[in-house]
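Next come two complexes, and both contain chain A; in the first it sits with chain B, in the second with chain C.
On to the complex of A and B.
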């Protein structure tokens, strides 16, 4: 064993990423590709009455302008196509930014210019785009992907009425957009009935199956390629309509077409975190034991779909409570379809962790102690004991590192210069997914090891961790391993969303690598030319690329020599189902609130997480520092503003939709891990993790602001004006 | 100063024009949709439709001179990516807000989406592809790997070019100063603490 798994190995894709050599989907050269650009609706509701394409067609370099009049009839595909309809199939307009035409030209500039020359006339109706303007009361949508939107355990209303202590909070959260730095890009290349997509896809196989359904193609006719991804955060998990429209145009024109969304188009074309309301009520004993949780939420839905992503999972699962009533309602509005966004549960978790903080003040109890008293070792819905849960240890580790015991038990008690200083905390929780996956490992006659699996690296370190797994399983150095991912031509694997990548591929990769190792050992011991000839296979160790007799280290061979003598590469495969589960943690923050300006700085953060085995401490820490900063954006900055009259997004750019920059990131951040392998894990002791370390951050910041100032703000983001 | 672009000593004159017979092909294959009737070469000289004439210019990129035919409206970013196949420089927002397209022009960091290619004739342009000395990475590139200062890599070329200039500008006196002077480059994965550490590391190495 070289023992690389668990070590902070530097990213194996580092060199290609720092030299510009990594080819992302918009970088792949596709000879002869034309450039597409979408014309999008300026109205939110109504219909297209006329499209004049003559000026656009007259623009030099323009090849075609396709509208609903020209598009082939297409089939609305199943999940993960969330939109409910395909634009440009008819004249109906459901939201601002809906594609109404695609301009195809020789150059990017020609396509953009000509798109502005397409004259579209509409019959427009007054839209409703924010929850306040909803036509009627919220309703309970039908289950989404077999998950009901109303869940009851015990009798929460009766328990609340009987409770010794009650807390009630109404929270809200603005619409948010993912804003990966890399815009969505798609290049469609047809060869007869075969389609290749160079696609910014978080799940190449899901995209493959979905696009095949659109065009009624046999699934094997589609190939989706995405070796690198410039961030996803959920935005590139579903298939979106621009990919369909571009592929349809490429089929009609019989030419490859590349289409890249503009930053502004990403605010209406590729999902968002919905505007959200939450009414949460907690009942408890005076000793701080929860007796009732009632959590009613309202999400902004589109007029063409009813999927709710801001789920109240933590209210159901995180704490020991016999009486729970979760109701996830929605209102249909003239907005684009929402979707998963990094830690979808963050929105509702804010309400739970804020209400718990309020309960702790009502009880005059330390908020960490309150959470300890409601800790559970059992899955609240199945009643099963968790095989491995170290949340209590997380509280210990992080509170000690933070110095929590020094906290003053009074709001507004600490001032440093012009700033009030406050401390806050919240528990973190994320349910991660896992999907059936496959991998193959090939040892070449040159001794090089090639790993193939159609997973993705969205920045979380997939390339590195699966290479570490192969190195350990085979006893070979990292530098002989080449991992190929992000291509449906490779063995089928699951998508990189729901923190599922490592949970999905680790087991299959490990099995494929061990099978390859065993095959090479088998060749060696059966080969008269090998120094290991005749040695029992179970007495052969492998390390540093060598095969060594465990009882006589002088008898040794190498992968390279064995496979070279065999004359052909050795290939083995691995597969297997994988288990979803939960990851936990806690976050402590220090904020400084300017007494006169109301500006908030997050100056110090300590986290501790229980994620099973830590596969790579660098990449795991990367998820923590990224997640904490996402939490800061969620809590303090990010909000998409709609114009209520026109339905347009007012701030579809990065200068008015503020995301955290370098100066906003906390200068002091300590990321601790319990690092105990989960015996129930199918992923070498690891659990899915990436999205866990955002979930508690917004509430921890809100709680710290209360501690600093005595002001409780329940409406996110907590912008300066709310503290003045 | 390793970040200083070297003037070209060898000229590779090549014209990087995308296909020029595209419009005609499209027209013959597609009867139904609205299709451009005339065949107009990609970036051929024309004044039709109010579009200014394309012109042949010379861009000096990473020490090599490239002849390229562009319309005046073509940004330096699109000239690099679409005409010179230098796709290391990324387009994140196309309006100067994210910094992913940062390159060095005569040693200064600029956002290549906010400048036109025709304005940069005679300037020495350095992109992320031109930073390493053969196989030897620039100290900033080394530091980014060592400090794990990236995840998805989408902003990384811009961060690195910005860091090279930030160090040369002398804005690396403290972590706080680095945080402020590196705030023009958004990292949505939010590796900021590691970026600050990488820039501080590289500054020590470069500036001594």
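On to the complex of A and C.
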């Protein structure tokens, strides 16, 4: 064992990324590709009454302009397609930014310029786009993928009425957009009835199945390629309509077409985190034991789908509470379809962890102690004991590192210069997914090891961690390993969403690598030309690319020599079970709030997480840095603005939709890990983690602001004006 | 973005001549705002005249003050020793602007002529009187958190985004231009116009005029000057509220003062009334607060920007009490 798993190994794909050598989906050369650009609806509701494409068609380089009049009839695919309809199949307009035409030209510039020449007339109706403007009261949508939107355990209303202490909070959160730095891109290339998509996809196989359904193709006729991703955050999980429209146009024109969304188009075409309201009530004993949780939420939904992604999972699962009533309601509005955004639970988790903080003040109890008193070792819904849960240890580790015991028990009690200093904390929790996956490992005659699995480079370090696993399993150095991912031509693997990548592929990759090792060892001990000839296979160790007799280290061979003598590559495959689960942690933050100007800085953060085995301390810490920064954006600045009269997004760009910059990231961040392998894990002791370190950050910041100032802000983002 | 032709000018006279004979031409220097506007379809120019080769990038200091070439880059000016030592508000305003990458490219002239960040102006799908005169102003009833409480009209309440212009307004600077009619000098206070019912006209520049220099006069207040910028994230963001102050103090006695404001008005906002409340008086919490009240006396707040009326008064007090050594 070289023991690379768990070590802070630098990213194996770092060099190709920073030198620009990595080819992202829009970089893949496709000979003869034309360029598409979408014309999108200016109005939010109504219908297209006329489209004049003549000026665009007359523009130099334009090959075609397709509208609903020219598009082939297509089948609306089921989940994971979220939109509920395919644009350009009829004249109806459901939201601003809905595609109404695609311009196809020889160059990107020609397509962009001609798109502005397409004259569209609308019959427009007054839209309703924000929850305040909803036509009627919220409704309870039917279960989504068998998950009900109302969950009851015990009798929460009665328990609340009887509770010794009650807390009630109404919270809200603005619409947010994912904003990966790489825009969505798709290139469709048809060969008869076979389709290849170069696609910014978080799930190449999911995209493959969905697009096959749209065109009624046999699934095996589709190939989807996405070797690298420039961020996804959920936005690139589902297949969106621009990919369908582009592929349809390529089929009509019998030419490959590449289409890249503009930044502004990404605010209406590829999902978002819904605007959100939350009414949360907690009942507890004077000793701080939760007796009731009532959590009613309202999400902004579109008129064409009803999936709610701001799930109240933590209200159901995080704390020991016999009486829980979760109700996830929605209102139908004339907006584009929402989707999952890293991490979906964050929105509702804010209400729970804010209300708990309020309860701690009501009880005059330390908020960490309150959470300890409600800790559970049992899954609240199944009653099963967790096989491995070290959340209490997380509280210990992080509170000690933070110096929490020094916290003053009075809001507004600490001032440093012009700023109030406040400390806050929140528990973190995320349910991670796991998708069926497969891998293959090939040892070449040159001794190089090629790993193949159709997972994705979601940004968390996929290439690096799966290479570490192969290195350890085979006893080979990292630099002989080449990982190929993001292509449906590779062994099938699952979606990279729900923090599922590591949980999905680690086991199959490990099994494939061990099988390849065993096969090579088998060749060696059976080969008269090998120094290991005749050695029992279980007495062969593998290290640094060598095969070594464990009882006589002089007898050794190498992968390269063995496979070279065999004359042909050795290949092995791996698959196996994958289990979803939960990852936990806690985040402590220090904020400084300017006494007179209300500006907030997050100056210090300490986290501790229980994520099973830490596969790579460097990339795990990277997820914490990214998650905390993402949480700062969620808490303090990010919000999408709709014009209530027109339904248009008014800030569809990175100049006015503010994401945190480096200077907003905390100058001091300590990321601690329990690092105890989870015996129930199917991923070498690891659990899914990527989204966990966001979940508590907004509430921890809000709680720290309260501690600093005595002001409780329950409406996100907490901009300066709310603290004047 | 529409196709355009491009020419590089060798000197100012040629740049002006080229611009004068091509309707719809625009000068391009750093291009940090112009290219965005063109790509987003907010502005169209058939012809771009590149002025980067012109000899207009020098910063010189004389007995009368600073002369900053129109092509001097933001970073270059911000780092200039004379600017830092004797006109600190200017260096601070520049360093509070944009990002290091943008400051390496963007020029004085371009900075002064950048367009508003109003979301309706930047969205060609929205109505906007500044972009399409007569089409309406959705900001009046819509999203106006970033908009002006002073200097607005029923046609437009968009703020001017430049920090540099606010500092120059406090420094009584002047803009030198060269056009088909020759060279002229425009005091910064006359350079920007209120929107009135012609919000599409933002400056007093005439067609084909090129900003050749900015002149910053030496003045007793300039050395004790400072810029305070409040915004929704730590850097790389426009002002929610900003204050430029230049003070000539003897003890706490205000011999002279200049105050300019950003983020609250449709143009860089100088308040002679607020200055008058302080000039010839002692700087105290009471006089500073009174100056703040006078500043916002004519304010017209709307639903989303009402907080600016309070915030700008606090920002002014913060800056002056700090600058006057009272805090």
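Methods note: the second predicted complex is superposed on the first by the 724 of 724 C-alpha atoms of A that agree within 3 Å, B and C clash if a C-alpha of one lies under 4 Å from a C-alpha of the other, contacts with A are read in each partner's own complex, and residues count from 1 in each chain.
Criterion: a residue touches a chain if its C-beta (ideal position, glycine included) is under 8 Å from a C-beta of that chain, and two chains touch if they have at least 3 such contacts.
Just so you know, these numbers come straight off a predicted model, no measurement behind them.
Visitor: First (chain B), second (chain C), both or neither: which does A:253 touch?
Guide: Only chain B; A:253 stays clear of chain C.
Visitor: Tell me which partner A:32 touches in the superposition: chain B (first), chain C (second), both or neither.
Guide: After superposing on A, A:32 lies in contact with chain B but is clear of chain C.
Visitor: Should A:113 be classified as contacting the first partner (chain B), the second (chain C), both, or neither?
Guide: So A:113 meets both chain B and chain C here.
Visitor: Touch check for A:58: first (chain B), second (chain C), both, or neither?
Guide: After superposing on A, A:58 lies in contact with chain B but is clear of chain C.
Visitor: Considering only the touch criterion stated at the top, classify A:680 as touching first (chain B), second (chain C), both, or neither.
Guide: Touch status of A:680: no partner.
Visitor: Report for A:663: first if it touches chain B alone, second if chain C alone, otherwise both or neither.
Guide: Both: A:663 reaches chain B and chain C.
Visitor: Is the number of chain A residues in contact higher for chain B or for chain C?
Guide: Between chain B and chain C, the winner on chain A residue contacts is B.
Visitor: With the two structures laid over each other on chain A, which partner does A:66 touch: chain B (first), chain C (second), both, or neither?
Guide: The first partner, chain B, only.
Visitor: Does chain B (first) or chain C (second) touch A:721, or do both, or does neither?
Guide: second
Visitor: With both complexes superposed on chain A, which partner does A:653 reach: first (chain B), second (chain C), both or neither?
Guide: both
Visitor: Just to be sure I follow: which residues of chain A are touched by chain B in one complex and then by chain C in the other one?
Guide: On chain A, the residues that contact chain B in one structure and chain C in the other are 109, 113, 653, 655, 660-664.
Visitor: Quick one: which bits of chain A touch chain C in the complex? Just the residue numbers, please.
Guide: Residues 42, 96, 109, 112-113, 116, 264, 418, 596-599, 601, 636-637, 641, 643-646, 648, 650-653, 655-656, 658, 660-664, 719-721, 724 of chain A touch chain C in their complex.
Visitor: In their complex, what parts of chain B are in touch with chain A?
Guide: Chain B residues touching chain A: 18-20, 22-23, 25-27, 29-30, 32-37, 40-43, 46, 48-49, 51, 71, 73-74, 78, 81-82, 85-95, 97-98, 100, 127-129, 131-132, 137, 141, 144-146, 148, 150-157, 160, 175-176, 178-180, 182-196.
Visitor: Under the definition above, what is the set of chain A residues touching chain B in their complex?
Guide: Residue list for chain A touching chain B: 10-11, 13-15, 17-24, 26-27, 29, 32, 34, 53, 57-67, 69-70, 104, 106-110, 113, 179-183, 228-233, 252-255, 260, 262-263, 457-461, 618-619, 621-622, 625-630, 653-655, 659-667, 669.
Visitor: How about chain C: which of its residues touch chain A in the complex?
Guide: 1-3, 36, 40-41, 99, 117, 119-120, 122-123, 125-126, 138, 141-143, 145-146, 230, 232-237, 240, 307, 310-311, 314-315, 317-318, 327
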